[in-house]
Amino acid sequence: MDVDLKIRIGSMEMKNPVTVASGTFGYGPEYAELVDLNRLGAITVKGIGPMETLGNPTPRTFETRGGMLNAIGLPGPGAEGFIKKYIPFLKQYDVPVIVNIWGKAMEDYGTVVEMLDGEDTVSAYEINLSCPNVKEGGSAFGTDTDSFSRVVELVRGKTQKPIIPKLAPNVPDLGKFAKAAEDCGADAISIMNTMPAMAIDIETLEPELANRTGGLSGPAIKPIAIKLVWDAAKATNLPIIGMGGIFEPEDAIEFMLAGASAVAVGTANFSDPSTIVRVIDGIEGYLIKKGHGSAADIVGMVKA
Amino acid sequence: MDVDLKIRIGSMEMKNPVTVASGTFGYGPEYAELVDLNRLGAITVKGIGPMETLGNPTPRTFETRGGMLNAIGLPGPGAEGFIKKYIPFLKQYDVPVIVNIWGKAMEDYGTVVEMLDGEDTVSAYEINLSCPNVKEGGSAFGTDTDSFSRVVELVRGKTQKPIIPKLAPNVPDLGKFAKAAEDCGADAISIMNTMPAMAIDIETLEPELANRTGGLSGPAIKPIAIKLVWDAAKATNLPIIGMGGIFEPEDAIEFMLAGASAVAVGTANFSDPSTIVRVIDGIEGYLIKKGHGSAADIVGMVKA
Amino acid sequence: MMKQEKATVAGHDNFQGEYRILRLAAPAVGSLVRPGQFLELMVPRLGERILRRPFSIYKADAQGVSILYKTVGRGTDAMRAIKPGDKVDIVGPLGNGFPTLGSGKVPVLVAGGYGNAALYLKAKESPAKGIAFFGGRTAQDILCVEEFEALGWDVRPTTDDGSLGTKGLVTAAFDPWMAEQENIQALELFVCGPNPMLKAMGDRAIEHGFTAWLSMDKNMACGVGACLTCVIKRRTETGWEWARCCKDGPVFESREIIWER
Amino acid sequence: MMKQEKATVAGHDNFQGEYRILRLAAPAVGSLVRPGQFLELMVPRLGERILRRPFSIYKADAQGVSILYKTVGRGTDAMRAIKPGDKVDIVGPLGNGFPTLGSGKVPVLVAGGYGNAALYLKAKESPAKGIAFFGGRTAQDILCVEEFEALGWDVRPTTDDGSLGTKGLVTAAFDPWMAEQENIQALELFVCGPNPMLKAMGDRAIEHGFTAWLSMDKNMACGVGACLTCVIKRRTETGWEWARCCKDGPVFESREIIWER
């Protein structure tokens, strides 16, 4: 039996619903020896700002029960550096590239898009409005519907390519943000970024992260992410890219049943680089077993 | 060396900083054969509403990686039933009793307190403003500062006993609620209730909980709770009762360093009923090892 | 009375079919057990899962307890790695257990799956011995037949595939036998098995007016009555209330239960 | 080139003191290894912890690899339960490894703790053999002395308690030796050990104008350069940049490194 794994987000066609979570897969080359990049539905790269940035001091990550904290803090080559260093590499593959963008000030989001938009290799933008690890911008834009809408509208005005705001999990009513994204002309939404979190070394009395607080990712947060996807799916018709603790194919399917059209594998890459391919194959196997003709069939199918 | 473990919350004196999380320890008798109740700093009972209630259909709990979901939904004997069935039992112990109260409508909170306030055995009220598992009230009161303040003020008007609002974790800025609690005359705050969450059975397509969504507790959420306690401690001088995934003494100490004056053991009771006593002993051991004279010394001591 | 005890594994072997037997040196728990009670076991090295798993107590004495279990998921899978000498933390005995046989009553045991294990102590303790109906998918799933026979019980197996005893569900053997009874109302059933079996026996008890004690299988979290996870609807004079399988049960008389889906 | 491989455990034994040796049948990874590289191991049955653990490759050939490790926390504790025949998932070889010895240079090895293991392949491959300074707390912590001697190296141990070789830190043996050298600038150090040792050697290299390759020990998450956890400050013409220990390192020349706390 043939199943159709294709998923469409605006003008971007993914050959299957599986991408990677920004920041967990570098810019492409890092895992290329371990993972056949051409298998991916899309490659989502680490957050790109308008200029080269250094990120936070170390320690930047810390392992917790069923998860990890990170406060990497958005170091990166900036839009220009990204074009020079990574576009030639990414061009070689037959995979859409989603560039995760961020800014300290609102205008920065526009600037990055202006700098990147001429590159054909860039297929879509994921707008990071929810990074818990940078002081300015980041999370602040993602927890207030007004500034959220302003950023999304700003980006919308700069590009014809699909734009995908990435939502913050620490809000009481995610549906409002999902709706706002739709109203501002977004093509999809990503759910979820890491959850603000902290750990303390009780011997040294120091926070485990140099940045003091960070974001929690991994299996620990999966049930939170599933709930948020389910909430958002009720509030909007936009496709949702679901993520948060996907380690097994069953996790990805759970996200799709909750309402995600696509999924992203994040922290699991560190744990098991074969996860992405296992997830793609596992979704296909599930569709065949359950007699579905296409991946789109199971999106939002939960009986709830 | 002698260390002073005593902690005071308004007029309530706890012989040590350790209580149990509401809903994880029944009303007292359930664990009495396994745990010496007189060792506890306080007993916090399952949520009590104005009337007898049935709670949610089953399944009501589901285990996740590093945590569990629950949607018990506040079944209980109601204030009158509680007085009849449990006060005589609780009276036998030399331990303050914190009654966790809830209501569907705002007035309910006042009604429960009126019904309970004559009982000497009731030492304090924890106000549940953050249950993710009841439709009316619950979480809604806890995610909006206006209704939050109105409930706290209402309860404040009904009793001289210490009142302890329990905060919802799914807000972008917990400090506001901590501050509001202080402004409305609360004696302490509890952080945190469970995190809204969901799980789906991919074979049956049904949510794993009959209530569809529930609350995530256990080790998975500890880093989230530590961060919230740290945030709140910066916003208020009220004592904080910290909870969320305390399974080992080290976890409790981490909460205290982050700013909690007391802690509550929750889900860990199910896993290991000896946790509470181990936590009390572990805190004492830590204080001795580090040369502190009292538990209060380490509250908020994190170098951050 | 219940205890929390760090038991030492005295033995861990294949028992029959997919079942394994875990024998624990646990004097504190072992000496308190009544038939039909269970324990909550903390599965060692199951770091990511935090809850205990409930198991019926198969045998118990002043030295300890044993349980029979089948691997059905992560917890019971991880249990396979338990070795003699390991420490295993248990809480028990839990639950009300089966009541003693009513005077003048004719005892009947009905079991499926691990229910056979749960009934062994009852079979042993019962002053009168009678008939035991054991159901399973195949001969491999019918546990402990010789043991029950050695205690003086007349065991009537049924299997879905006919590989042992009558072919069919347990009712395929029970119903014809029941039809022959002169004093049906004197029957007192002790039942432990999957939900459909419990319900089938409960329905017959109500229809024919005999007594049936059903040991209910509900997912549990705390096992001691604190969390209110394991509730079933129990009939009251005015309607119904929730009863906790772990504390108020797991054994209920058929008339008490309001069945849901 | 790196690979992910499900290696079969060929052996797992006490090695010396607190160290154990884990031998893995891993042809894909084994055949690619250069001296100074490491691998990332997924600890079996560590359900609640999700990240791999990095270990230097002690020995490697076309059949597989071995590592020496000490238990310091949950992961390395759980590793003790690994049995021959188990499958262990590894990713490797990772990192740049040590460069080949410069022409006309005099090789010197300096190691502490598992650094001895990390230097073994380098010691073997090096065309010229020379002196090896190994530091440890006690004699038990100085690994593989005979092996290095068998390869033709002159091993100079130092221990904090004087139980083997010179009493003191590795510098207590290195400094007097260095003072005697006629052509200090011809020295080329290959160093692997705790951070203070790395820094001490790096400082001397800069002060006295010789070359020192330092294998940096930083906590890691991905091990392949994707997550940017393991960064150290590397000097650039205009200031500094972050360099990833897992991908751009772990080996850096002393002049590249800007030390922090």
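For reference, chains read A, B, C and D in written order, and residue numbers begin at 1 within each chain.
Here is the rule we go by: a residue touches a chain if its C-beta (ideal position, glycine included) is under 8 Å from a C-beta of that chain, and two chains touch if they have at least 3 such contacts.
Just so it is clear, the model here is predicted, and its values are computed rather than measured.
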Remotest chain, chain D as reference, centres from CA atoms: C
Chain pair bearing the highest count of C-beta contacts: A-B
For chain B paired with chain C, centre-to-centre distance based on mean C-alpha positions, whole Å: 36
Separation of chain C from chain D, taking each centre as the mean of its C-alpha atoms, in whole Å: 57
Rounded Å distance, chain A centre to chain C centre (Cα mean): 48
Chain C: positions in contact with at least two other chains: 47-49
Junction residues of chain A, two or more chains touched: 65-67, 219
Residues of chain B touching chain A in the complex: 64-67, 69, 139, 143-144, 168-173, 195-200, 202, 204-207, 212-213, 216, 219-224, 226-227, 230, 245, 250, 253-254, 257-258, 286, 301-304
Residues of chain A defined as touching chain D within the complex: 23-26, 30-31, 33-34, 46, 54-55, 57-61, 63, 65-68, 70, 72, 75, 218-219, 247, 267-274
Interface residues, chain D side, partner chain A - complex: 1-4, 42, 48-52, 89, 91, 218-219, 221-232, 241-242, 247, 260
Chain C residues touching chain D - in the complex, by the definition given at the top: 45-49, 81
